[in-house]
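In what follows, chain A forms one complex with chain B and a second complex with chain C.
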Partner chain A sequence: MAASLSFTGSARLLTALARSSALYNSFESRSFHATAVCCKNRAARIRIGKGDKPLTYEQALHPHQIAHRKGWLSQHASNLKGEQGAAERTVEDVFIRRFMFGTFHGCLANEVVIKRRGNVLVVCALMLQKMPPQKFYFFIGYSESLLSHFYKCPVKLEIQTLQEKAVYKYV
Partner chain B sequence: MAAPLVVRRELFSLVNILGGISQLGPRGLGACSNHRKCSQTRFELLQRPNTFFHTAAYLSSTPFTITVTDEPDTLFQKVVVLVKAHDRAVLDSYEFFATMAAKELGITMGKVFEPPKDIERLTLLKSVHIYKKHRVQYEMRTHYRSIELLHVTGCTAQVYLEYIQRNLPEGVAMEVTKTAMEKIPDHILEPMWKDHPIDDKSSK
Partner chain C sequence: MASFGSKVFLLLGRTNVSGVGYRKTGNRATYATALTVNSSSTNKARGGKGSTGRRPKRGTGEPRTEKMALDQDWTSVYPAATPFRANAVPLPLRMGYPVKRGIPPEKKGNLELIKIPNFLHLTPAAIRKHCEALKPFCTEWPSALDTDAKCDELFPVKIQSTDYVSAGPSIRNPSARVVHMKVKLSSLNLDDHARKKMLKLVGDRYCKDSDILTIKTESCPLRQQNYDYAMYLLTVLYHESWKIEPWEAEKTRADMEEYSWEDSTSQKNILDTLLRINATGEGEEAEVREQLLGREEVLEYKDSVETLKNEEPSESNMLRYKEAVRKVLKVWQ
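This part shows the complex of A and B:
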């Protein structure tokens, strides 16, 4: 039984690799890619390169600049002293970021900002003008209603669109 | 008023949006879409030449109902509002807002001060495996601000607190401590020995 399980496991792995690889001629070199837990002095830092990679303000400043030169991406009161519910808010935030990334695929210009005021969840995002506005409005309404039903609280989306990404510096 | 036709990379088009989406309030008209050239109608909110549409959240509230009762109102000697946040600038602006609101409503203010901040620090191992001597530290700072109101009635306190709480910024928590004044019960108003004089002098 163990052998059959491993066979199906490896078959699934191969199909996953096949689906993820864009070019079929890279099938020759099959490798298992695993990332370690992000080390604390490499997290959220983009290292200096040649000078041709554009970075937004959010990406250019490192995490130790939060509360000095950066703001917070997710604003809620549960990380304050004596408040509860930090883990639930974090899980909700992760889901909302993935949801926004998937719904508005390729349109996000910067990170999603999540604010909680009382019961209301406000999701603010900067978008690129890749789709006609009617599609944008449909996606906004769809995300709002879906997230409201999912989290049982009013969810409002604040979207602002740009021509292209706002570049802070080149790295 | 129509702005002149813009012949650039940014091309504008009129979108009639007020019919479609019901929840959100009025937004700026104007969105960019390629390969279409029209004149731009200026909406009163948007004054920018490059129109990119944006949506804003409008939080609506139900109108209040006024009730009149005969029972006496609770009296508060002190109402202490303690606000907590991660950002000191947010607390500064909130304190300005709360003090201005109290002054406009005619509520006497007591002390408005800043209790010292609390820092909660965590020291974790920097690496996944071994390297015990190399650690990394995270901290969470909580800043406080305390606003005291003196000698308020129950109705005033309720209205003021509701106004303050509806305008609480995101990421800010509030704790309210009320010290109420109660009427002294009648049976302890007068000392007992006045009604029942002590007459056990001849106990020996």
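This part shows the complex of A and C:
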């Protein structure tokens, strides 16, 4: 009942504010917090355009194709029934993706694939040949040692380089 | 009033983010460069500028698959579990859903092939090598233990526990502390009273068909502690079942595990019936009862009633009872 009242009230207020362009005063209020809207029918979907934008296989297939035409970017045993630690592994994955995106800035050709084999974290990435190999080696070593120290487990990077991105289709 | 105002602000804020932020989140979610990379143009530009100090960029050589001999040692190409490398696997693989009127994408730059676990490191040759390397560390099974019966006889107490492996930095798993201890009661030295008492103490943990007592301990936090507790329980059960407490003398007919026909209502009933049938009245009652008990039909009746009560009722048991009753009461068809 309170919600319906507030809705009608806010509609009237909105119009009133729009007309009078009243300034917003900070009142002592308790309101609920909402994050930015993230519609599930818009997530990870690149909409069809003119036909000049190249897409990789990963970008072209939408999330509902996972387990049908796409695999998983990150696999670990914690998502099985009765296993612990799923949340920790997910947070680790998110951090590792951001880390790779930032360290190899502009070089990532495709998404980062994370595999866990027992204790070892294997991070597989496809890169473009934007830097000389020496720089690549330095970044690989730096990432491996930093992530190993951070997660207290051996981290291996498997980097493969390409001349250009593997285009699946143009959209 | 205050709540309305703040709600309005929230709405405005939300629309803002959704309008501009979509593109941003789209980029960030994919973590791959959205720009089309024209590597040749940027290289030429760089080469033109810094040609004085810089060595000309080496082109990428041909993939390793071109240089592989047909009879190479594959175990050295993939010695351990590694993700798929398109330049190191000389197979013309294609993976993915094909584009309309097209074919699946090739292996170069194919993320799907990298995502899946591969078994390229487990060819028969590789497994043979592993076995050969492990052989010096293996010992033979003792030749004296060649049958299951001998194993059971020499090692009657069997302990079972599970180890768990998972992908993550921690090797601890709380379900690894469970210990199952199995022992056959026939291998324990129990007399009749001790066996019956043990069965009463143990209850559900005993399986009649296989004569195995299973004790599952999981109350302690460590497996070693649970194992010690299980052994302690077995010891205590054994010693307690041999002891005879003074209150055990009060065991009534209802506490008995099996049905016994002596001094039961069935015996009383049949003897009364027979006495009344043969109401000759010769001799004392006790003598006549003794005589009746010795008769063959009565003994057969006793057997059939005991099997009916102790075992599960079946067709043959019921028929046997019917025949016995007919013979005792001399009712022939």
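The working rule: the second predicted complex is superposed on the first by the 136 of 171 C-alpha atoms of A that agree within 3 Å, B and C clash if a C-alpha of one lies under 4 Å from a C-alpha of the other, contacts with A are read in each partner's own complex, and residues count from 1 in each chain.
Here is the rule we use: contacts are C-beta pairs under 8 Å (C-beta built on N, C-alpha and C of every residue); 3 or more make two chains touch, one makes a residue touch a chain.
What you are looking at is a predicted structure, and each value in this text was computed from that prediction instead of being measured.
In the three-chain model built by superposing on chain A, chain B clashes with chain C. In the superposition on chain A, A:Ile46 makes contact with chain C only, not with chain B. Shared-chain residue A:Tyr137: touches chain B; no touch with chain C. Contacts of A:Gln129 after superposition on the shared chain: both chain B and chain C are touched. By the touch criterion stated above, A:Ala67 is placed in contact with chain B alone, chain C being left untouched. Number of chain A residues touched is higher for C, counting chain B against chain C.
Contacts of A:Glu164 after superposition on the shared chain: chain C is touched, whereas chain B is not.
Once the two complexes are overlaid on the shared chain, A:Arg116 sits against chain B and chain C alike. When the two complexes are superposed on chain A, the residues of chain A that touch both chain B and chain C are 36-37, 72, 75-77, 82-83, 115-118, 122, 129, 132, 158, 160-163. Here chain C touches chain A in the complex through residues 1-11, 14, 17-18, 21-22, 25-26, 28-33, 35-37, 39, 42, 57, 60, 81-83, 85-87, 96-97, 99, 105, 108-112, 114-117, 165-170, 173, 175, going by the rule given at the top.
Per the touch definition, chain B reaches chain A in the complex via residues 9-10, 15, 17, 20-21, 23-24, 31-33, 50, 52-57, 59, 84-87, 118, 120, 124, 126-128, 136, 140-142, 165-166, 168-173. By the touch rule above, chain A contacts chain B in their complex via residues 36-37, 39-41, 67, 72, 75-77, 79-83, 115-118, 120, 122, 129, 132-134, 136-137, 140-141, 144, 156-163.
Partner chain C is touched in their complex by these residues of chain A: 6, 9-10, 13-14, 17, 24-25, 27-31, 34, 36-38, 42-44, 46, 54, 56-59, 61, 65, 69-73, 75-78, 82-85, 88-89, 97-98, 100-101, 106-113, 115-119, 122, 124, 126, 128-130, 132, 151-153, 158, 160-166, 168-169.
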